[in-house]
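Could you have a look at this structure, given as structure tokens, before my questions?
Chains: A, B, C and D, in written order; residue numbering restarts at 1 for each.
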Amino acid sequence: MRNSREAKADSYFSCSDSERAAFEAGIKLGTIYHQFVGVPLSIENVGTLEKAIEAGSKVQPFVEEVKVRIDRSMLKKKRGEYDYISLTGDMLDVTLTVKYKTATVQASMKYVKDMNYPLMFFKKLTVER
Amino acid sequence: MRNSREAKADSYFSCSDSERAAFEAGIKLGTIYHQFVGVPLSIENVGTLEKAIEAGSKVQPFVEEVKVRIDRSMLKKKRGEYDYISLTGDMLDVTLTVKYKTATVQASMKYVKDMNYPLMFFKKLTVER
Amino acid sequence: MRNSREAKADSYFSCSDSERAAFEAGIKLGTIYHQFVGVPLSIENVGTLEKAIEAGSKVQPFVEEVKVRIDRSMLKKKRGEYDYISLTGDMLDVTLTVKYKTATVQASMKYVKDMNYPLMFFKKLTVER
Amino acid sequence: MRNSREAKADSYFSCSDSERAAFEAGIKLGTIYHQFVGVPLSIENVGTLEKAIEAGSKVQPFVEEVKVRIDRSMLKKKRGEYDYISLTGDMLDVTLTVKYKTATVQASMKYVKDMNYPLMFFKKLTVER
């Protein structure tokens, strides 16, 4: 049984399950990008940060799975005080699954070289019939 | 004529125009919330911040219009050094329009008292036929 | 006369005026960097964003003046949907003045090429005697 | 031996070790607040987030130790989709140690009820002689 806050939320939408799932997936990717870009980053904390981003995303509505991978090619072991960088959107490789009733969206964010842009897109969108 | 980065982006989607528009709208609301929550806020800077959030949102893909209104009821004129607060999601009232090809989504974020939650939702979703 | 919240805050410090001013200046530069890095940016909104960062900083305790300049060399006029970038720390050139009782600190953040790092530092620190 | 980026950074300061340490401590607390306020939060991810904030802070210059504790009193086990909140500054209890040459600052952030404000302050400031 769906609880009352979920029913209340539903009353603010008049659309298909897949449109709702697409919207919810967009919110989660926008959240990840704009919440975490800027975090101080080195080899020492990259794994911990990936886990925190995943765990934070799972807390949001309708998220079933999340996988976050941060590009390590620009990271090095910290020797001097200034040997670290800030997380940028281009370093993020994210795939998450949002399920709303009959619709499931697998959405991703990754740097697309041809566009020089960290694109958010759909890997897969399915509707149960 | 759509330029090549837009065509490249389109190649990462296999969905209806309205699903794409819904996704893009979700990204923009997630961006606003998670980018700007935390900004120091008083009566002195609230108008400037509303304008900056709107202007930043308009820069993103497929955004046609944005209206941001921050609740002023908790703000006061700054007399002492500590007379200010941080922007929270509950104070945000946002409506934006995303248009992708035949689909137009008017999406909003506002605090819903019954849910004690700053809900993101659709005001209107239309598809040209 | 200083108000009671300021006196209360003072009771949490046991240090010189210049150490307090230095601490307060550090907070403000950390705030600017980590609050605003990630904002969507093009020629269209760069001026509005500079103003909002300045206005937000002035709201914080003991800030007298703030000047924010964002490097425009990577920005272009938006023609296509994806013609924008995200603000990075390297683009920020900030100078702010914090005054606490007898101490005044002029602190800055700017990209230092030799370090490949957006350094936060003191331009000037003076104590009235 | 201090490396060249550290020496380069030092050349941008003309102040006492304790003023520098105070400045560096302020930057770190400002970073934590403005980077992480807004993260989606429930009992499920609070521990992971504490660890990620600590690990990110340790990556920054001159940080020796960091302890982050997020107030759990407002968090509950997630049963419904909307059973979570966003991290606010008032929930943060942070203590970190910054050491710059002869100076050591132990700085904290915690919600001060009398001020209704998440205050950043010094727990201890010592200079070796």
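Quick note on the criterion: a residue touches a chain if its C-beta (ideal position, glycine included) is under 8 Å from a C-beta of that chain, and two chains touch if they have at least 3 such contacts.
Note that the structure is a prediction, hence the values are computed from the model and not measured.
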Weigh A-B against B-D on C-beta contact pairs and write down the one with more.
A-B
Equivalent-chain rotation between subunit D and subunit A, CA atoms, steps of 5 degrees:
180
Distance from the mean Cα position of subunit D to that of subunit A, given in whole angstrom:
25
If you average the CA atoms of subunit A and of subunit B, how far apart do the two points sit, in angstrom?
17
Between subunit B and subunit D, what distance separates the C-alpha centroids? Give it in angstrom.
29
Listed in rising order, subunit A residues that touch 2 or more other chains are 5, 9, 31, 33-35, 38, 82, 115, 117
Along subunit D, where are the residues that touch subunit C in the complex?
5, 8-9, 12-16, 18-20, 22-31, 33-35, 105, 107, 112, 114-115, 117, 119-122, 125
In their shared complex, subunit C is touched by residues of subunit B numbered 2-3, 5-6, 9, 31, 35-36, 38-42, 44-45, 48-49, 51-52, 55-62, 78-84
Seen from subunit C, its contact residues with subunit A in the complex are 33-34, 37-38, 82, 86, 88-89, 115, 117
